[in-house]
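The following blocks contain the structures, represented as C-alpha cells.
Next, two complexes with chain A in common: one pairs it with chain B, the other with chain C.
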Partner chain A sequence: MYRAQRLGLKYLTASTVMFGAMIVFGLLASIYYVRPGFMLNTFNFSTAKIVHIDGLVIWLLMGFIGAIYWFLPQELDREVEGIGLAEVLFWVFCAAVAVVVVVFIFVQYGAANEWSMWFINQGRKYVEAPRWAAMGIAAVAGVFAYNVIATTVVARKSTGILTVLIADLVPLVLLYFDAFPEMTNMSQDLFWWWWLVHLWVEATWEVLIGCIMAWTLIHLVGASRRVVESWLYVEVALVLGTGILGLGHHYFWIGTPRYWFAIGGFFSALEPLPLLGMVVHAVYDAGERHLQAANRPAFYWTLAEAFGNFIGAGVWGFMMTLPQINLYSHGTQWTASHGHLAFWGAYGCGVIAVLYLAIAQARGCERLDGTAWKWSFALLNTGMVGMSGALLVAGIDQAFFERAIGGSTWNAYLSMEGRPWFNESMWARLAFGLIFACGFAVLVYDLIAIPKRREAGAREEATAAAGS
Partner chain B sequence: MYTQDPYFWRAGAIATVIFMCVVLAALTIDTLRQITPGGARVPAYDVINSAVTYQYDASRGEYAPKIGGEELIFGHKYSADEATALLARGKLVIQSRACIDCHTFFGNGAYYAPDLTRAWMDPVWARYAGPKRADRLAKFLMNPLRLGSRPMPNLHIQRDEAEAAVAYLKWMSAVDSNGFPDRFGAPGAQ
Partner chain C sequence: MSPHAMVATALMLGALVVAGGAYGLLYCVARLYGSPILGAASRTSCGALVALAAAIVALTPLHFGWKALVVASAMAYMGIPPITWRYLTRLHRGGNDASRPAEHAHRAHTRLHRRA
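Let's look at the complex of A and B:
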C-alpha cells in the first residue's frame, strides 16, 4: 500500500469521527426546537448549530481528501509527491479542528473586535472558524492541490479524471479565500459569501464528487474508463453550465438587481438535469448487473448517491428556487429540509461508498456483503428521509402562516412556533434523527467488523479445502 | 463516431464553463456597482439619520423601503464618516455574537429565530416611536426579554455595541430587497 493510501485511510477515519460529531450536535440542536430555553445562556442553540454545520463541511472535505489520496497513487502507479508534508498537515488539520471545536464549545463568542474574528468566531455561516484556523484549512487545501498537481506532472501522465480534478481544485482552493473578508455592507458580504457556499456546494464539490465517483465506478464494477470519462465531461458541462449562473437563485432578496430573478430561476430549473442523467444511468447500470457487485455496500451507497443527489439537490432544490415560491419558502425550515437531503444525497452517500471500497481494498476483502450494512443503509436513509420530510412539513407550515399570512414579523414567527404542525414536525425530526444516529452506530460497527469477516471467510475456505 | 471520443465532450465542457464564467464576471461587475452603498438599492450609511418605513409600492406590485425626513437615533446626527465607522462596528457585533446562527438576514442564516431584515420597524416596537425605539432596541439587546416561547440568550452586549447593532439594523431595513419579506407589518398581518 502506498503512503498516500495510508494517509487516505486516516482522512477517511477522521471524516467518520466528524460525521459522528456532526450527528451528536445535530441531535442536540434539534432538542432546542422541542424544548425552548434548553441550556439557555450555558450552551445556546447557535453553538450547537455551528458545530453541526461546520462539522458537516469538515466531514465531507476530509472524506473527499481521503478518497483522492486513496485513488491517486493507483491512478498514476506511483507515490504522491510531497507526501511527507501532507502527513504532517493531516495532524495539524485534526489538531486545528479539535481546538476550534473546544473554543466554540467553551468560549462561544467574544466582544466586537478583531481578536474575536482571529481567535474565536467569524460569525459567518458555514465559515465561522476563526481566521487562524481558516488559514490553516487554506494551507491544507493548498498542499493537497500541490500533491495532486505535482504527482501528475512528475508522473508525466494524465487521465481525463485527473485533468478534471486538477481544473476543479484550483477554483475550489481559491474560493475558500472568500472565508476571510469582513465587509460592513451585508448585501456585498452575502453576495461574496454565496460565491463560496454555492460555487463550492453546487459547482466545484459536484465536480469533485463526480471525479471520486468515476474512480469508484472503475474500481467497483470495472466500468470502462472511456465511457466514465465521457460522462464526466458531460457532467462538468451540465453541472457548471447550469450551476455557475444557478448562483442567481441566492441573489433574489439580498439587495441585488432584479435581473437575477430570471437568471437564477431559469438556471436553477436546469440544475436537476445532470442529476437526472446520473439517475437514469445508475438505474441502467444497476439493472444490467442485477444489483450485484463484489462490494455490495459500496455499490448500494453509489446508487444511493445518484438517487439522493437527484432528489435532495435537484428536486428539493428546484421545488423552492423559483422566485415566486422562494419569496415565501426562503429562510424557512423548507430550506433546512433541502439542505439535509441535498448534502446527504450529493455527498454523504458518496463518501460512505468510498469508505466501504477503500477499507475493503485495504484489508484485502475481495467480496463484501452481510447483514449489518443493510441495517445501516436502511436506518440512515430512513432517518434522513424522515428528517427531511418532517422539516418540509414544518417549512411549508412556516411559509404559509409566518411568511405569506403573518408577514414575517416577530409576532408572526412566535405564533408559528406554537402551531401544532410545526411542533409535531419538530418532534418527528428528533425521532428520525435518533434513527439516523442508530444507523451511524451500525455503520461504524460494520466498518470495524470488515477484517473479522475476511478472517471468517478465510477460515471457511480453509475448512472447505481441508474437507476436499 | 465522434461522440464516443471523450475529447469531444471535453471541448464542450471547456467551452461551456468559459462562457458561463465570462457571463458571471460581467454580471458581478454590474451587481457590485448597483449594491455599493449610496445607490438606489443600498442606501448610504448615514440613512440612519432618517425615518425608514416599509410600504406597498403599487407601481412595483410589492413592498419597498421608503426613506423619510430626519429621525435621529441616540440623540445624535451622524456624519457620513461617523455612520460608516458605527456600522462597521455594528457588523462586528453581529459577527462576533454569531447572530446569523440563530436569526436570518435577508432570509440567510439559521432558522431558529426571526428574520432581522426589517427588525428595526417590527410592529413589536411600534409603541416606541421615533428616537425611543432605538433606545428600547438597544436595551433589549443588552438584556433580552422573553418574547414568546423561544427566549434569546444574554450575549453580554455592551451599550456601545448595542447602539452600533441597532444602527446597523436601521440601515439594513432601508435596503431594497425586491419585496422580501412580503407584507411585513401589513394591515391584517401580525
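Let's look at the complex of A and C:
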C-alpha cells in the first residue's frame, strides 16, 4: 500500500470521528428546540449549532481529501509527490480542529475585537474557525492541491478524471480565501461570503464528488473508464452551467439589485435537471449489474448518493427556490430541511461509499456483505428522511403563520414557538435524530468489523478446501 | 401571494420534480426489465407531470415568466430520461473496452496486496 493510501485511510478515519461529533452536537442543538432552558448560560444553542455545521463541513472535506489520497496513487501508479508534508499537515489539521472545538466549547465567544477574531471565532457563518485555524485550513488545502498537481506533472500522465479534478482544485482553494475579508457593509460581506459557501457546495464540491464517484465506479464495478469519463464531462458541464449562477438564489434578500431575482430563480430552477440525468445513469448502471457488486455496502451507498442528491437538492430545492416562495421560506426550518437532505444525498452517502470501498480494499476483503451494513443503511436513511420531513412540516408552518400571516414580526416569531405543529415537529426531529445516531453507531461497528469478517471468510474457505 | 397560495404553489413545485423523478426512474426500470406494467406506471407519472405543470400555470399566482419556466422544466423532465438512456446505451456499446467487473476488482486487490 502506498503512503498516500495510508494517509487517505487516516483522513477517512478522522472524517468518521468528525461525522460522530457532528451528530452529537446536532442532537444537542435539537434539544434546545424542545427544552428552551436546556443548559442555559452554560452552553448556548448558537455554539452547538456552530460545531454541528462546521463539523459537517470538516467531515465531508476530510472524507473528500481521504478519498483522493486513496485513489490518486492507484490512478497514476506511483507515490504522491510531497507526501511527507501532507502527512505532517494531517496531524496539524486534526490538532487545529481539536483546539478549535475545545475553544468553541469552553470559551464560546469573546469581545468584538481582533483578538477574538484571531483566537476564538472569526464570526462568519459556516467558517467560524478563528483566523489562525482558517489559515491552517488554507495551508492544508494548498498542500493537497500541490500533491495532486505535482504528482500528475511528475508522472507525465493524466486521465480525464484527473484533469477535471485539477481544474476543480484551483477554484476550490482560491474560493476558501473568501473566508478572510473583513467588511463592515453587511450586503457586501454577504455578497462575497456566498461565493465561498454556495460555490463550494453547489459547484466545486459537486465536481469533486463527481470525480470521486467516477473512481469509485471504476474500482467498485469495473465500469469502463471511457464511459465514466464521458459522463463526468457531461455532468460537470451541466452542474456548473446551472450551479454557478444558481448562486443568485442567495442574493434575493441581501440588498443586491433586482435582476438577481431573475438570474437566481432561473438557474436554480434548472439545477434539478442534471440530477435527474444522474438518477437515470444510476438506474442504468444498477440494472446492468442486476444490483450485484462484490462490495454491496459501497454499491448501495453509491446508489443512495444519486437518489438522495435528486430528492434533497432537486425536489426540496425547487419547492423553495422561486423568489415569491423564498420570500417566506428563507431562514426557516424549511431551509434547514433542504440543507439536511441535500448535504446527505449529495455528499454524505458518497463519502460513506468510499469508506466501505477503501477499507475493504485495504483489508483485502474482496466480497463485502452481511447484516450490519443493511441496518446502518436503513437507520441512517430513515433518520435523515424523518428529520428532513419533520423540519419541512415545521418550516412550512413557520413560513405560513410567522412569515406570510404574521408578517415576520417579533410577536409572530414568539407565537410561532408555541404552535403545536412546530413543537411536535421538533420532537419528531429529535426522535429521528436519535435513529440517525443509532445508524451511525452500527456503521462504525460494521467498519471496524471488516477485518474480522475477512478472517472469518478465510477460515470458512480453508475449512471448505480441507473438506473437499 | 396569499399564505395559502404560497404553500400550495411550493407543494406543487415540489410535486412536479417528484413526478419528473418518478417518471425517470420508472422509465429506466421499465426499459431494463421490459415490463408493460412499469411502462404504464412511467406513462402515468409522465401524465402527472403534465397535469402538475398545467395546474401550476392555471392555479398559482406566479408571474408569466416563472410559469413559462415551469412548462419548459416539465418538458425537460419528459425529455431527459429517453435522451440520457439513448446516450448511455450508445456510450456503453462503444465503451466495452474494460474487462468484466469481477476480474477488474480481483486485479485491483491483487495489485494492492502485492504492494502492501
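Methods note: the second predicted complex is superposed on the first by the 468 of 468 C-alpha atoms of A that agree within 3 Å, B and C clash if a C-alpha of one lies under 4 Å from a C-alpha of the other, contacts with A are read in each partner's own complex, and residues count from 1 in each chain.
Convention: a contact is a pair of C-beta atoms (placed from the backbone, for glycine too) under 8 Å apart; a residue touches a chain by one contact, two chains touch by 3 or more.
Quantities reported herein were computed from a predicted structural model and do not represent experimental measurements.
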item	value
Superposed partners chain B and chain C on chain A - clash or fit	fit
First (chain B), second (chain C), both or neither touched by A:F191	first
Chain B, chain C and vertex chain A (Cα centres) - angle in steps of 10°	100
Which superposed partner A:L414 touches (first chain B, second chain C, both, neither)	first
First (chain B), second (chain C), both or neither touched by A:A150	neither
Contacts of A:S116 with chain B and chain C, given as first, second, both or neither	first
Partner chain in contact with A:W253 - chain B first, chain C second, else both or neither	first
Residue contacts with chain A in the superposition, chain B compared against chain C	B
Which superposed partner A:N44 touches (first chain B, second chain C, both, neither)	first
Partner chain in contact with A:F310 - chain B first, chain C second, else both or neither	second
First (chain B), second (chain C), both or neither touched by A:S230	both
First, second, both or neither for A:Y2, with chain B first and chain C second	second
Shortest CA-CA distance between chain B and chain C [superposed frame, angstrom]	6
Contact residues of chain A, present in both the chain B and the chain C interface	226, 230, 234, 328, 404-405
Touch list for chain C against partner chain A, complex	1-3, 6-7, 9-11, 13-14, 16-18, 20-21, 24-25, 27-29, 32-33, 61-63, 65-66, 69-70, 73, 76-77, 80-81, 84-85, 87-88, 91-92, 94-106, 108-109, 112-113, 115-116
Of all residues in chain A, those that touch chain C in their complex	1-2, 74, 218-227, 230-231, 234, 262, 265-266, 269-270, 272-273, 276-277, 279-281, 283-284, 287-289, 293-295, 310-311, 314-316, 318-320, 322, 324-325, 328-329, 361-362, 364, 366, 396, 399-401, 404-405
Chain A contact footprint on chain B (complex, rising order)	4-6, 9-10, 12-13, 16-17, 20-21, 23-24, 27, 30-32, 34-37, 41-42, 45, 84, 87-102, 104-115, 118-119, 122-124, 147-151, 153-155, 158, 161, 164, 172, 175-186, 189-190
Chain A residues touching chain B - in the complex, by the definition given at the top	32-33, 36-37, 40-41, 44-47, 49-50, 109-113, 116-117, 120-125, 128, 160, 163, 182-191, 193, 226, 229-230, 233-234, 236-237, 240-241, 244-245, 247, 250-261, 263, 327-328, 330-333, 335-336, 398, 403-415, 417-418
